[in-house]
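Next, two complexes with subunit A in common: one pairs it with subunit B, the other with subunit C.
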Partner chain A sequence: MSIQIRDLTYVYSENLPYETVALDHINMEIRDHSFNGIIGHTGSGKSTLIQHLNGLLKPKSGQIIVDGIDITGSDVKLREIRKMIGLVFQYPEYQLFEETVQKDVAFGPLNLGLSQENVEARVREALTLVGLDFSELADRSPFELSGGQKRRVAIAGVIAMKPKVLVLDEPTAGLDPRSHRDILQLIRNVHEQEKNTIVLVSHNMGDIAALSDQVFVMEKGKLILSGTPREVFANTALLKGIGLGLPPAAELMEQVRQRCADAPRDVLTVEEAEQQIVRWFGKDKKC
Partner chain B sequence: MNQGFSAPEAPDEIIRIEHMTYEYKREGDQAAYVAVNDVSLSIERGSFVAIIGRNGSGKSTLAKCINALLLPASGKVYVNGWDTTDEARLWQIRQTAGMVFQNPDNQLVSSIVEDDVAFGPENLGIDPPEIRRRVDRSLSAVNMFEERTKAPHLLSGGQKQRIAIAGVVAMKPECIIFDEPTAMLDPNGRAEVMKIIERLNREGITILLITHFMDEAVRADRVVIMDDGRIAMDGTPEMIFAHSDELRRLDMTVPFTVDLADRLRRNDIPVPQSTIHIQEMVDFLCQYKSEI
Partner chain C sequence: MLRDITLGQYYPGTSVIHRLDPRLKIVGTFIFLISLFLVRNFIGFGIAVGFLALQIAISRVPLSFIFKGLKPVFLIILFTVVVNMFMTRGEPILQWWIISLTKEGLYRAGFMGLRLVLLIIGSSLLTLTTKPISLTDGIEKLLSPFRGVGLPAHELAMMMTIALRFIPTLLEEADKIMKAQMARGADFESGNLLQRAKSLIPLLVPLFISAFRIAQDLAMAMEARCYRGGDARTRMHAMTFSWRDAVAAICLVAFVAVIVVQSHVL
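And now, the complex of A and B:
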């Protein structure tokens, strides 16, 4: 499902002393089935933007067109929008509330008005997709689980609604390295299996570079840069200027290049760094 | 690796943990769950120690036992020689070993930055002029003096976290325990907070940093890895990160530089084992290029 954002503007505390233009004429094109990364530091407007995507906030002006329908229109039913676009907030495990894992994951689908059997099938499927064992966990309290498990349950609750666009706001914040990897892998799996569109907000430039087809950079309410990871992370000075930095591999090669001008460029991941350095040193020749 | 060293008496230790065990009662069935299992650890005054390990490995429980938020089920924890179970010393212990948590929003109590920083010293009954001095100095130490009359909720996460740090610094602690202080921050906020932590350490404050970020752990002078309630590895970052297979077994990632160094070595590029910082890798690559 594609999304076109046109001239989207949002103002917090309008006409009050702390009036802030949180989104300033944003234009964005999110393609069907694509994996999109949004970066920008705290207060740049990322979260405000994604809250518009499923109608939690209404813009001051501009449009968000999802599959040809302008969801900012007053006649659009919120339930219809939320069926299409699922939002996983930061620290989503804080929003778990049911007595059992099964009931918690079922909450969204039930509210979509699905039949009981249908809901159960979706709960099973969603829990399996996030890598949890249905038979083991279904009747447990979500509050007894580990941090990583709680977060998976919370994500399953959104996946169970089968959104065509899945928006995740910093889904790996605060997780240990293993859970971090697992959550990214499950997002990849969901993306492949459900053939949905992903919008991932993250502060981890390495993850964004490795996963995204398209990267959008927000700064002070404006969309200042977009393109493939390679195009975006080539703008070293700009990204550093706004305090975002580069993926570690790009940062390393950038520093090497300042001393040896012929060092490889266009390096985003550790695999690419390895290949390029080996070639640079002439170690790739077959004897 | 150094496991359970309890015998040698370090002359200048600020924290000493002896065979400490801590158990939680699980909600529901009340089954006992051992979070920290017979851990012994000595922290040298003025050092910078990073504690890493997966979620549930006992890091935070260990930290909370150090400033007497939790008391061990068995074994002993000493801060400056005071037993943490000695109630008469409770406030001295907490003043000596301050704590900064993950979420700045849960640590700020006032509607004005400088009031927030004054909260701790006020509770100690310190004279107002001295409080003023401490507040100003603490805010300067975290580069937040200019923001002293602002409302905390209007600041960024990194700024709020620095105010939480200033609140602890104003208590004049000898040691600060940071429990994932950068987990909720953006890259800028993380860099700011890490800079402050390193500065406080240079000024003589002992630092315990619990983190999931390996690039933060490499900046410490000692890294302790917890696994399943025990200490799995303990050593300098150079020692720890040279064992990348062991780290992977413990579900830790290796820092980017170490990962790349491993890969290059497999391609017959002789990266020294001690290469853990990005700067060292840059130096090596440029040096090596000039020699071939």
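And now, the complex of A and C:
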């Protein structure tokens, strides 16, 4: 499922003294089955942008075309759009409300009007996909779980709706390193198994570089850069200028290259850095 | 959505009116409202309208904001005017069936309507030009003489301040949760009353949990900074009664004097 965004503009508190332009003529294309990363500072408009993707916010002007249908139109059935595009908010564990884990995950699928058996199968599948044991947790209260487990349950609640596009707003915020890794791995698994499109909003350049096919950089409501991670992270000066910087491995190699001009370039991830450094050390080093 | 709701309706600005001591503004507003009840004829109201218009002009709050305050009470004003118009006995101008419009009725309707409008605009000018936090500070200071008789002035003001402080936070929280549940297909808008009440559960349960969490965090943070109530506390923004306030107070006294003389002596 592809999404085209054309000239999208959104203004908060329009016509009030504190009016702010949150999105300023955004144009972007999200391809089918791709893994997309959106980076930018707090307040750069990332969250506002993704809330437009499933009709939670209505733009001031511009279009969002999902599979050929403009979802900003007034005659569009929002339920259909929300079925296709699943949105996991920041700190999604704060939206848990049911008595049991099973009931909470079932909330979304039931709202889609699926049959009881179908819903149960989906709940089981979603919980397994996020790495939780269905038989152990299904009947427990979501409020008794640990922070990382709560977050997985909340993500499962959206995955159970089987969206064709899964949008996640900083899904690893506030987690310990291990839960952080686990959540990213589960997103990768979902992407591979469900063959869906992923849109991941993150502050972590390393994660974005390692996972994305396409990267979009937002700054002050504008889309200032887009392309493959390699294309985007080649703009070192621009990224540093807006306070974002590079993935850690790229930053390290950048520092090395300032001392030795022949150090490897184009390094994004730790794995790449490892290979490149081994190869570089094999040669006759001058420094 | 929810975050568009404005509470306390403060209109940010730096005018003289904005900067007046909140204590003076609160007391002044009361005096102005009371003086409106001393007015006996339209000339008096003319003076009051002029005085209020002058304040609005100085405050630089747009008129559209001033009149917004009238919207919710529009029906009450209309009702008062209509009742007064037709229910007052006197010299009839128009008569139809059992309804009669009298000269006295028309006069009283205009009188009452104008008084109501002035009362509302007068009091909303206070909330439009004073931050809610300064308002509660002002109330605390005004109530503090009554601490001797057991009125917990500081605690009351602190409770009001915290409540006001968290209205936008909780609204934002509610907005977030609502959107998250809508993204999961929740429907808050259709269905009959029972269905709608039921559909609020996914919103209210997380909201209550958030409210308790926020309250607990705040209590902890206050304790960590050794908060222990009102005794001997000093404030960062001490309220000072400046020459500006003195001028404003003199204007107000002059206004009240003119009103009293105009309606009760002349």
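To be clear about the criterion, the second predicted complex is superposed on the first by the 282 of 287 C-alpha atoms of A that agree within 3 Å, B and C clash if a C-alpha of one lies under 4 Å from a C-alpha of the other, contacts with A are read in each partner's own complex, and residues count from 1 in each chain.
The rule we apply is simple: a contact is a pair of C-beta atoms (placed from the backbone, for glycine too) under 8 Å apart; a residue touches a chain by one contact, two chains touch by 3 or more.
Please read all numbers here as calculations on a predicted model, not as lab measurements.
J.: Check whether A:L56 is in contact with subunit B, with subunit C, with both or with neither, and answer first, second, both or neither.
T.: In the superposition, A:L56 contacts subunit C only.
J.: Touching A:K83 in the superposition: subunit B (first), subunit C (second), both, neither?
T.: second
J.: Check the residue A:P177 against both partner chains and state whether it touches subunit B (first), subunit C (second), both, or neither.
T.: Once the two structures are laid over each other on A, A:P177 reaches subunit B alone.
J.: Considering only touches as defined above, state whether A:Y18 meets subunit B (first), subunit C (second), both or neither.
T.: Both partners, subunit B and subunit C.
J.: Applying the touch criterion given at the start, work out whether A:V256 contacts subunit B, subunit C, both or neither, answering first, second, both or neither.
T.: Only subunit B is touched by A:V256; subunit C is not.
J.: Could you let me know whether more residues of subunit A are touched by subunit B or by subunit C?
T.: Ranking subunit B and subunit C by residues of subunit A touched puts B first.
J.: In the superposed arrangement, which partner chain does A:G147 touch: subunit B (first), subunit C (second), both, or neither?
T.: A:G147 sits against subunit B, while subunit C stays out of touch.
J.: Could you tell me which stretches of subunit A are touched by subunit B in one complex and by subunit C in the other?
T.: In subunit A, residues 18, 143 are touched by subunit B and also by subunit C.
J.: Flag every residue of subunit C that touches subunit A in the complex, lowest number first.
T.: Interface residues on subunit C, with respect to subunit A: 4, 11-12, 173, 176-177, 179-187, 201-202, 205-206, 209-210.
J.: Under the definition above, what is the set of subunit A residues touching subunit C in their complex?
T.: Per the touch definition, subunit A meets subunit C at residues 13, 17-18, 51, 54, 56, 79, 82-83, 86-87, 89, 92, 94-97, 107-108, 111-112, 143, 157-158, 161.
J.: Of all residues in subunit B, which touch subunit A in the complex?
T.: 26-28, 53-56, 102, 154, 156-158, 180, 183-191, 212, 214-215, 251-253, 256-257, 259-260, 263-264, 267-269, 278-279, 281-282, 285-286, 288-290, 292
J.: Residues of subunit A touching subunit B in their complex?
T.: 18, 41-43, 141, 143-144, 146-148, 173-181, 203, 205-206, 243-245, 248-249, 251-252, 255-256, 259-260, 263, 270, 273-274, 277-278, 280-283
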